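Have a look at this one before I ask anything.
Note that the chains take the letters A, B and C in the order they are written out, and that residue 1 is the start of every chain.
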Amino acid sequence: MNYAFDFGWLADYWPVLLKGIGITVELTLVGGALGVSLGIACAWARALGPGWLKPIVAAYVEMIRNTPFLIQLFFIFFGLPALGLRMGELPAANLAMVINLGAYGCEIIRAGIQATPRGQFEAGASLGMSRIQTFWYVVLVPALQRIWPALSSQIVIVMLGSAAVSQIAAEDLTFAANFIQSRTFRAFETYFAATLIYLALAIVLRQLLRGLGWTIFPRRTAR
Amino acid sequence: MSLIEITEVKKRFGDNEVLKGINIDVEPGEVIAIIGKSGSGKSTLLRCINGLETIDDGSISVAGAQLLPDELHLKALRLKVGMIFQGFNLFPHLTAGRNVMLSQMVVKKTPKAEAEVMAKKMLERVGLGHKFDAYPDQLSGGQQQRVAIARALAMQPIALLCDEITSALDPELVNEVLAVVKELASEGMTLLMVTHEMRFARDVCSRVVFMHQGRVHEIGPPEEVFANPKTPELKQFLGVTH
Amino acid sequence: MNDFTTWDILRNLLLAARWTVLLSIVSFVGGSLVGVALLFARIGKGRLGPAFAKTYIELFQGTPLLMQLFLAFFGLGLFGIDVPAWLAAAVALILWTAAFLAEIWRGCVESVAKGQWEASSSLGMGYLQQMRWVILPQALRVAVPPTVGFSVQVVKGTALTSIIGFVELSKAGTMVTNATFEPFTVYGFVALIYFCLCWPLSKSSQILERKLNVAHRNH
């Protein structure tokens, strides 16, 4: 292999990378927060919601979990305008991530809800709470605590998967890398650097989520 | 020379010294009950004799085989001493018969036909000849424990270690297991058992070891230990359990 | 303005889907082989094996599959070979699949109760004998549902190979869209075909899981 590695381009292009990192982080934060919220709502609907809602949510979850994120992205960005739903790259990317995480989050959170001891629901009812009140005040937090590690992993997976949004020209980290390598012709080094940045982001995100878990669930309650 | 020689055995878990110098010699054919509160180190002692825990100090030998922490010595030792666990630990993916055959075939390289004959014989011995093809999850707890005994016996050990083997059983299933153990004792098997069954200890054992805080606190024939406890700790222990 | 009938669209997509299926199978089989090696390195005794396997798994699970595809594509190119897209795609997907399968399987091996190790030890079995006769047969049963479940991720993962130019279902979707200007229909069909490939796998994974749980309850 006669190849001289050259990372000199970094000096000129780090602002581009930085901007890309910013977008990736922003997408992850928004997608993560809204995606988990959607996941909670869907998990409630599937586990405890009205009968007519269950099959609809189930269909959504199955549809998303059995198709590639890239295609969901293309469908939203290229396909939906045919129905008059036109949006920019970033909103489309965000929407795709929320919908994606919402479906996976739904299944994960639902497992946490289903592990709730029957007595918790009965205790809530016996105190005169409505089903939704019981869910919100009694069931949800311990359920989230139970599945927090799995949910955290899924959020990291969605962050790593967001690399695909570069394909609809959302200017994330991967988009920045594509841009840089097209200018410098240093493809391997550029993607290598981007990969390391993603790795660092994944590690930081994992720690943040762990810390967040400690903050939301300060005491070890229901196991 | 005694069959099992336990000399000045010490075992530490972190800062916690669980065994603080244990000395017990076991003669062939003896049946020894080890009693004591939980945390007194009695289970740990048994696990050390089988090499499931490494010891920090002292020595253990069984019929001349030294306990040393390498696979060769461990294997030699384990071929002489069988162990029965509180939780049975049958292999769930194998039938009762296969459970008894496996180690003969894998460890001793016994031909399959021979191992099968031995397995049938041992299952008969614990009264479960008819359960040869049953899977563990189709057996009651008492039956599972008897299969575990048959599995250990099939290796033809010269001593058996029993670690609270009836503690996980429903009360009505305890006797069928104890009956098997009693039978083994009467046939001259050397037995070391950690147990909470005081009546059984009194009726069947040749000696009783009372462990307290990592030491052998009292040792002697059951009539002496149970009728005449010398130390306040043993008095209290017997008072509590009776 | 366009001469494509719906049937033409679907036919082209289905033809391309063959490559999605083929790449999925290659990745899954290759990934399983590499994954087994990784698994044994990960759970084995010694220091180098577990450390290597752990780092490997962390790297492949902590970076985007898309980056791995780029690195395979341009990295193999550094050796002076003209790398066809399918080769880079297969290499990256195999290595990526291996990391996830090894980690799934490690969980299965560790889920086998500690008492099984102790009982087989007390019967005189050595490490390899325990593995072969006691631990792996039990781990294998537990491993089937999540392994089938992960195959869905592999199929979906192949979509990203379109970005390095491998012509499979997703790439065909883009190409057909560019010819027909009917992204809604085309990507709808593409999604449907992926769904038809993945859903049976997801469903069987769930059913297998349920069966396993029922079997477990009898213990």
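Convention: contacts are C-beta pairs under 8 Å (C-beta built on N, C-alpha and C of every residue); 3 or more make two chains touch, one makes a residue touch a chain.
These numbers were taken from a predicted model, which means no experiment stands behind them.
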Topology of the chain contact graph, where touching chains are joined (line, ring, star, complete, other): line
Central chain (distance from its CA mean to the mean of all protein CA atoms): C
Whole-Å gap between the CA centroids of chain B and chain C: 46
Centre-of-Cα separation between chain B and chain A, whole angstrom: 53
Rounded Å distance between chain A and chain C, as computed from the means of their C-alpha atoms: 20
Chain C residues counted as touching two or more neighbouring chains: none
Chain A residues touching chain C - in the complex, by the definition given at the top: 1-3, 62-63, 65-72, 74-75, 78-83, 156, 160-164, 167, 174, 177, 187-188, 191-192, 194-195, 198-199, 202-203
Contact footprint of chain B on chain C as seen in their complex: 113, 115-116, 118-127, 129, 133-134, 137-138, 141, 215, 218-219
Chain C residues within the chain A interface of the complex: 59, 62-68, 70-71, 74-75, 77-80, 152, 156-160, 162-163, 170, 173-174, 177, 182-184, 186-188, 190-191, 194-195, 198-199, 202
Chain B - residues contacting chain C, complex: 50-52, 71, 74-75, 78-79, 81-83, 85, 87-93, 102-103, 106-108, 136-138, 148, 151-152, 155
